[in-house]
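This report refers to the structure that appears directly beneath it.
Per-chain numbering from 1; labels A, B, C and D assigned in written order.
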Amino acid sequence: MRTFRLVIACPDGVGIVAKVSNFLATYNGWITEASHHSDNQNGWFFMRHEIRADSLPFDLDGFRQAFAPIAKEFSMVWRISDSAEMRRVVLMASRESHCLADLLHRWRSGEMDCEIPCVISNHEDLRSMVEWHGIPYHHVPVDPQNKQPAFDEVSRLVDDYSADTVVLARYMQILPPDLCQRYRHQVINIHHSFLPSFVGAKPYHQASLRGVKLIGATCHYVTEELDAGPIIEQDVVRVTHRDSIETMVRLGKDVEKMVLSRGLRFHLEDRVIVHDNKTVVFA
Amino acid sequence: MRTFRLVIACPDGVGIVAKVSNFLATYNGWITEASHHSDNQNGWFFMRHEIRADSLPFDLDGFRQAFAPIAKEFSMVWRISDSAEMRRVVLMASRESHCLADLLHRWRSGEMDCEIPCVISNHEDLRSMVEWHGIPYHHVPVDPQNKQPAFDEVSRLVDDYSADTVVLARYMQILPPDLCQRYRHQVINIHHSFLPSFVGAKPYHQASLRGVKLIGATCHYVTEELDAGPIIEQDVVRVTHRDSIETMVRLGKDVEKMVLSRGLRFHLEDRVIVHDNKTVVFA
Amino acid sequence: MRTFRLVIACPDGVGIVAKVSNFLATYNGWITEASHHSDNQNGWFFMRHEIRADSLPFDLDGFRQAFAPIAKEFSMVWRISDSAEMRRVVLMASRESHCLADLLHRWRSGEMDCEIPCVISNHEDLRSMVEWHGIPYHHVPVDPQNKQPAFDEVSRLVDDYSADTVVLARYMQILPPDLCQRYRHQVINIHHSFLPSFVGAKPYHQASLRGVKLIGATCHYVTEELDAGPIIEQDVVRVTHRDSIETMVRLGKDVEKMVLSRGLRFHLEDRVIVHDNKTVVFA
Amino acid sequence: MRTFRLVIACPDGVGIVAKVSNFLATYNGWITEASHHSDNQNGWFFMRHEIRADSLPFDLDGFRQAFAPIAKEFSMVWRISDSAEMRRVVLMASRESHCLADLLHRWRSGEMDCEIPCVISNHEDLRSMVEWHGIPYHHVPVDPQNKQPAFDEVSRLVDDYSADTVVLARYMQILPPDLCQRYRHQVINIHHSFLPSFVGAKPYHQASLRGVKLIGATCHYVTEELDAGPIIEQDVVRVTHRDSIETMVRLGKDVEKMVLSRGLRFHLEDRVIVHDNKTVVFA
């Protein structure tokens, strides 16, 4: 069923819900899902509606025009999207296949509602798997002494493919600040620890050294500060003294791919609102 | 903060949210929490609002009068409650103390918003613990040959104490059908299995015999059919071949008390709507 | 590191561990992992050792001869296996790809230590995915009016490929009793419910109808009685009133593939001992 | 059933298990539980046996004498304990009651096998609850300008009561280094975060600020470095954007008390071996 997704953040106050609901009711909008959140700490209000597209007399532009006065009245930061216009997601990977294979399978079996115009990797390893899915594979090697040309090429590809989302599916390279800024809240990373524990390299080694009893993974938007962006989703799995680093890596892979796919789904369905480096996730 | 809780179930349709939101906005109601659910399978709509009481010009009766036309228009099954009017919860227990001790501690430390006018038990064991909390303890023994007099006494006590909720905190006796009907959706039980597995007696023995790898507990409203009422909350814990029935009982206790306290909290905060022997829980 | 896996079940008694440990020490066996379990309910003892193959002066046959007197003395049911002799696992599937894709990816990335000589399916849908992995795909349609020829063909294929394990990766057909008996404790199924709840067809529909708050999956050995064989592994995931049957199916897929892959790993590493329709799993 | 618990750590090598098993078998020791662990990273071996006391011809001293040559041969760090000689556990608390109430209830209902000779607190709040359990309550206020006298008094009480374990059940004071050293691996703390995240004060505030999707608790031995001692047990609970700091505190309480009680149980049953600031927990 095709829906419009109306996502709103604004300073809290009386009458917002009524105004928005009224607007929708006036045009006979059939709401299939509605979520609200009042954040008492910062005084902001967040709202998401999913409305049957065929119940409304608008297309997206028509909706935008009609809704603009309300948005202005309440100083809303808002967006409306159409479930029929699929997001275009560029996947980036390195050598590890588990996250990429998981996303590709979900996409192929219709479980992940998006287009994947291409996959970019700094290695050749995963080409055959990607091409079997009928998706172009771009090998963009990263020269450790001079990384900028590679990131320029990545940036060019993302633009050429008109992508609106980039997923770092264990890409293992740190994006330069200009890319982070340019694609703000559009680049999703999976970090293989339960952040803020074990920022940076080799988190399973760090976890083993500290002797933690659970390891985890974190899906977050990428910002300039390493592993410090807004967290979308996290999960953990139990480990014991018996689990070597190798076993942790294996157990961690399952958490990583689950957490990444859940986080990406929230993003694709416009369920995530970023505010103050934190997320509201209307799951 | 004192709130009114407006809980609604009605056949789904366009304009319900707008009508209700408008009503609230007209009277300047400050919504602190709002939850909706459209059930596509049965065509019903469920809704819960929490509204700051001091933002409204009504008391409960005033609200009821003002809202009645809307409720009628949409054939709503609805209720409004005041967070300042605490529910009166009678706890019933047998010999096992873990659920009762847990609820009493939560109540005493202000974590569980209700009054506990009395505790009823078919044994004397837990009297001292209950009386230390300053709560009357009624010992109502159940004669296995003739249980009715005991249940008549229970019924009389529940009425005398003007209780609106009864919690079977491991009471271990099956309530007679007339009591189940009389206090429909007011009696909450904790069953020590992950229902519908292991209905009836000795679920941990059944679980051990079947060799399951997780055991659980279920908090549900009591109905005439044993362990078949609407489920409010469930959880599980991992077990292995090493866990004897005794260990399962110990591990299970922690799940039971957690699940019961979560389920009861949902009930006390008017977060549960029963429909078709299932629950909508606006957690 | 190549290891021998010594797996023992016998009536409990004093001196078993000493005898076995002594035997291993006499031959300078380097134990890398050891697990014991005394079942107080039935008086049986279970034991698993993993021993570095290069530390022992035997091959498997030599070990068997040398160990036979001890096995006899304690009436042991026992087996010894060589980690270098990989199990041969036939995968069977129907139309759903999630479990099959998951197992194939784990196998391809070296995470699942086995050979997969072929995949058998009653449909053509998954051929291309399987063949991309370089694995033969056999389409064996099942005639609903006369299923025996199909199962005869399955049986012939399993034998021809010298398989020692069959995995029903959402095969959706009930194996006939003779096959269950013939491959006793060799056929692993994934059932899409938390058994013993929701045996048989359409468990997610059953779960939705009952209104449970967790759904699950069960990996078990197949026996003549439907969904009643020894349970190897189980897990659950939380659902709410918002989750339609379709959403349950999607959430359940992730649990199914995780549970199946964990269960199969235990089996492949000789960590499972079946006794009295239950399992000891030395995870 | 009374058991002896033999706990061993030593450099790994061939023949250790055989020697120990032989020793036990020679004296007809009935092993009820046995656990081994070879740590490949540091080359150490860890082992725990539980043996029926009535099956052995020794008391603890007799055992120690007989076993000493083996311990010497393998350079073992080892201990033997008698399940009948209960540990003496001093509980320390501040104002929050949840952990203390939980431990007292478990102790009172026979679920936690230890003696609790006294409770020490820097406040009077919990006196009545403790004294109802028949346990002496010592109020030792801590002067923020001069804490040493209070800790001297704590130290004196621990010694006077011949305690062998101290549990900081949300004591909220940092023990001075000399106490940490003196009672090394005897003082158990519950920290209200998933360490190493959110060390120090107000971890739930830190968690809310960072926007994590899970909060947790950590049970660990206290060392001189704050919140950096060997971790015994951890767990987490899911939170969302809806959960205020107050809600996190409430949800966290349940995790804290569960994690602390599990960690303490492991300690009391001699299941924990500390090595290199990490723990082996033979759960």
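Everything that follows uses one rule, which is that contacts are C-beta pairs under 8 Å (C-beta built on N, C-alpha and C of every residue); 3 or more make two chains touch, one makes a residue touch a chain.
Fair warning: this is a prediction, and the values are worked out from it, not measured in the lab.
Most remote from subunit C, judged by the distance between CA-atom centroids, is B. The chain pair A-C and the chain pair A-B differ in C-beta contact count, and the higher one is A-B. In this structure subunit B contacts its sequence twin subunit D using mostly the same residue numbers, the overlap exceeding half. Work out the mean CA point of subunit A and of subunit B, and you get 37 Å between them.
Residues of subunit B found to touch two or more other chains are absent.
Listed in rising order, the residues of subunit B touching subunit C in the complex are 37, 39-41, 46, 194-198, 208, 210-214, 216, 230-236, 240-242, 244-245, 277-281, 283.
Across the interface of their complex, subunit D is touched by residues 97-98, 101-102, 105, 109, 111, 132, 250, 253-254, 258 of subunit B. Across the complex, subunit D meets subunit C through its residues 14-15, 17-22, 24-26, 28-36, 38, 55.
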